[in-house]
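Note that chain A is present in both complexes that follow, paired respectively with chain B and with chain C.
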Partner chain A sequence: MTNEHVSKTNVREQYEYRRKKNAKEMKLQVVTFALMIFLTLIAFMAVGFSEHIPVKFIAPFILLLAIIQVIFQLYYFMHANHKGHELPMFYMYCGAATAFLTILAFCTIVWW
Partner chain B sequence: MSSIAVKKGFGAILWEYLTTVDHKKIAHLYLMGGGFFFLVGGLEALLIRIQLLKPQNTFLSEQTFNEMFTMHGTTMIFLAAMPLLFAFMNAVVPLQIGARDVAFPFLNSLGFWLFFFGGVFLNLSWIFGSVPDAGWTSYATLSLASPGHGIDFYTLGLQISGFGTLISGINFLVTIINMRAPGMTFMRMPLFTWTTFIASTLILFAFPPLTVGIFFLMFDRLFGANFFDVAMGGNAVIWEHVFWIFGHPEVYILVLPAFGIFSEIIPTFSRKRLFGYSSMVFATVLIGFLGFMVWAHHMFTTGLGNVANAIFAVATMAIAVPTGIKIFNWLLTMWGGSIKISVPMLWSLGFIPTFVMGGVTGVMQGIAPLDYQLHDTYFIVAHFHYVILGGVVFAILAGLHFYWPKMWGTMLSEKIGYFTFVFFFIGFHLTFFIQHFLGLFGMPRRVATYLPGQGLELGNLISSIGAFMMAVGAISLVYNIIITVVKNKKVGNDPWGDGRTIEWAIPSPPPFYNFKQTPLVRGLDTYWIEKTEGKKELTPAEPLSDIHMPNNSFVPVVISFGLFVAAFGAMYNPLNQVGDGKSWALPMLIIGLLITFGSMLFRSIKDDHGYHIHKEDLMDDEGGESK
Partner chain C sequence: MNVEGKFTPQTWPDSPEKQTLEGKNKFLGFWLFLGGETVLFATLFATYLALKEKGSSITTEELFSMPLVFAMTMLLLSSSLTSVYAIYHMKNYNFKLMQAWFLLTVFLGFGFLCLEIYEFYHYVHGEHFTYSSSAFSSAYYTLVGTHGAHVTFGLLWFIALLVRNAKRGLNLYNAPKYYVASLYWHFIDVVWVFIFTVVYLMGMVG
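Showing the complex of A and B:
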């Protein structure tokens, strides 16, 4: 009997806990979503003002923004920041490193 | 299992194999499929050696010769060595980690059938009369200029079987990460599991480049693209890069599981734990890591420039370090052990010096200036046969004898096994040792004939004689398998008597659910630990309860068959480079893809929850023979 009681409160507490957590996460997601739209706007603006800003700056700048967007996407929308995602993330980084190495090699010795 | 086999008719057994999702049965399929292609590739090798037996021989025409070595290499790498290793991975890894199956049994079966249909498609080129002829590397400069549909058989066939490999690789990754029994930490995993894990990681990162490269080549030849066509602004060297970005990791995908097999056999027959376990793991990871940074050592003579050549030369030589660590660990495992010679151990003993020789020539080729001399000569041929035959094939043959009882429940004859070893081993060194010198004397690789009076006759003759000795060895192995199957004398759980890892604690072959109760892993070499405490069984980690099992499925065969049909459609589409487009080709392509995606959809929509084996039935079920 007591056991049942305990487990009932447990369920309640867990529910409350999850509600709180979800609310917090939701807030974060909305914030990042806004940020991402903001970053996209900046990217468009950078191209829009290309008369005033040198192209040599714009291209790497937009690439940087893109990388930030990918990280937001992975961590906040695909939940890479949650527990238990360490190994998949490790593999993602390995894949990114392999791709980077390939592109680096192509840029330096194929298309020089 | 075999008690069913006696009762069931041939048709029922065939249907069972066509639909099975059991990792042990899929291992059988891989063994039979890979074994078949191994014999095909071996026959091709024999024909090559007959042509080179004497100068200016006319046994094979130049064209046929090109087709022969291309199909030999492609078959051996993609259709023999890889599937045979997958056979052992499937048979052993789930048992070694105490799992009831792989993570995705359905995908496991799909992986096999994709390999199978891809391999059949590739070899149908012999029947259609235009065979791939640009080498297993299929450099774009050659392959774009190849008349006929040969190269298309190569691109489409490898594309299909490559999907299968990728799927299987991912499956093993997920299995090893998620399905280990309680107590089986990463640093308690047996080395064959570890090497499978790293090889699967390499598959994950190396096969997508191959897929992309083959897609480019396919589109160039079949759909009028110009990725590699220099005249149209393409770049032929990109194929070489992409191919070797896949190709060098591929050689480690092959050799790491081979290392794993030897790392199981040597401690078992030295009756001593593996020396330097953690350094073995470290070396495996390091080899996997470095394996991605050396691909350009296959392209030193392409004109990459001094800086690039120097970087890749140093990276290449660095791989010799972890490889050396492994060699010393094996030697030190045997040191002071109470060694029992058996056929698997004999192969392991033969492997060590053979592989060291291949490694030494590898480092020589890694010296970029020297490679200008060695590149595209018979020296290269000698090198990679020392590592691939002396490493991978020796491991497959060792593993075949070692794991045969676990896979089939019977024991291959030791006597015939010794005969096989003697002929194969001596034949191997006769064939390939002399090729180092042929290469240094200036005999180029991939030429259909050579002139008399240039000092090449004797070497080639010896080499061909060696090839025939290997053939005798291979035939004796086939004979061994046949009489073992006919005799069908069953053996117990641990037929070698000194098994160390979990798989030896359960019946041979294991019941279809592997473990009644998931075992508790109490350290490295679990079964050995239990044995030293006088126990005969593993400590269970859970009470006896119902077991959930997946249902068999025919869908993987249909998915793969759809791609097989689509490949013919793609090959004869009106845009193809050969110019023999057929009107039925496009509909055929679409129908094939519809079959594939339709059956995928069917699989996704249909609910298939599998079934349960009930506790009561488990208790009745004694030993390995499932009812």
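Showing the complex of A and C:
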């Protein structure tokens, strides 16, 4: 086998590997999407049938569903589960921590 | 790697958005921007929660309609999936399918925007719930309107990319541009998840 032949086989193998990897990831994305739709439906149904469910339970429950859905969105749709996302996720968690503190302060120690 | 060079599906690299220095910087810088956007929206959410139903004769339960919010949510969630499909085709160096999926994303996003405009129009003319009606109405329109402005900007951004690169095809110069625009679109969806939960659904249970 010549060198040229080896490198051609390599390119083809790498290409096929990438295609398969991308197709596998896309399948996972569709599953993620189905789960997100499912969570959304549960949240809307919890509010739609609010006469049968205690109101104090609904708010934290749908908030939890929203947080789970956002984690799906960040880690799958925005590819944060791929390597090289350490610094981006550091930025996002800093943003989320600031967001949490701001909302907590406005809802508790600031009065209007 | 040559930025403007021609590729084939075989020679197209893995993670094309991060192959050039510009692409790497764009990727990191854009995530930093999204961290900042998180804080921007947090301040608007905090103001909304603090001023909810303050100085207003109309309650959130009377105002919001579940079928409309549900339709808007489904449109925006689906548009998030279609942009994932577009990036999938970008990674496989399939320019035409990438453009087609982004175009579908634009249509779904436009549908969302039309429903939001209808909603605001209905509130202003049907319910006499205007921007200056009360502290609550100002906080509501500022929060949901800022999100709507982001949707509008995202749509214009996509259209600009689709038109500008229509004849150019895919290369390492524009791959990071498409990738970053899709990140922006997902972030808009993230914000909407909190808006439909905190503003609409929590508003409907009182």
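Convention: the second predicted complex is superposed on the first by the 109 of 112 C-alpha atoms of A that agree within 3 Å, B and C clash if a C-alpha of one lies under 4 Å from a C-alpha of the other, contacts with A are read in each partner's own complex, and residues count from 1 in each chain.
The rule we apply is simple: a residue touches a chain if its C-beta (ideal position, glycine included) is under 8 Å from a C-beta of that chain, and two chains touch if they have at least 3 such contacts.
Computed from a predicted structure; not experimentally measured.
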item: Clash-or-fit label for the pair chain B, chain C on chain A; value: fit
item: Touching partner for A:87 - first (chain B), second (chain C), both, neither; value: both
item: Touching partner for A:27 - first (chain B), second (chain C), both, neither; value: neither
item: Touched partner set for A:109, first chain B, second chain C, both or neither; value: first
item: Angular separation of chain B and chain C about chain A, which is computed from CA centres of the superposed model and rounded to the nearest 10 °; value: 60
item: First (chain B), second (chain C), both or neither touched by A:95; value: both
item: Superposed model, chain A: greater residue contact from chain B or chain C; value: C
item: Least Cα gap, in Å, left between chain B and chain C after the two complexes are fitted on chain A; value: 5
item: Chain C-contacting residues of chain A that also contact chain B; value: 87, 91, 94-95, 98, 102, 105-106, 110
item: Footprint of chain A on chain C - complex, ascending; value: 9-11, 14-15, 18, 27-28, 31-32, 34-39, 41-43, 45-47, 49-51, 54, 66, 70, 73-74, 77, 80-81, 84-85, 88, 91-92, 135, 183, 186-187, 189-190, 193-194, 196-198, 201-202, 204-206
item: Residue numbers on chain A that touch chain C, as the complex places them; value: 11-12, 15, 18-19, 22, 25-26, 29-30, 33, 36-37, 40, 43-44, 46-48, 50, 55, 58-59, 62-63, 65-66, 69-70, 73-74, 77-78, 82, 84, 87-88, 91-92, 94-96, 98-100, 102-103, 105-107, 110, 112
item: Interfacial residue positions of chain B with respect to chain A in the complex; value: 177, 201, 204-205, 209, 235, 237-238, 241, 245, 292-293, 296, 304-305, 308
item: Chain A to chain B touching residues, read off their complex; value: 87, 91, 94-95, 98, 101-102, 105-106, 108-111
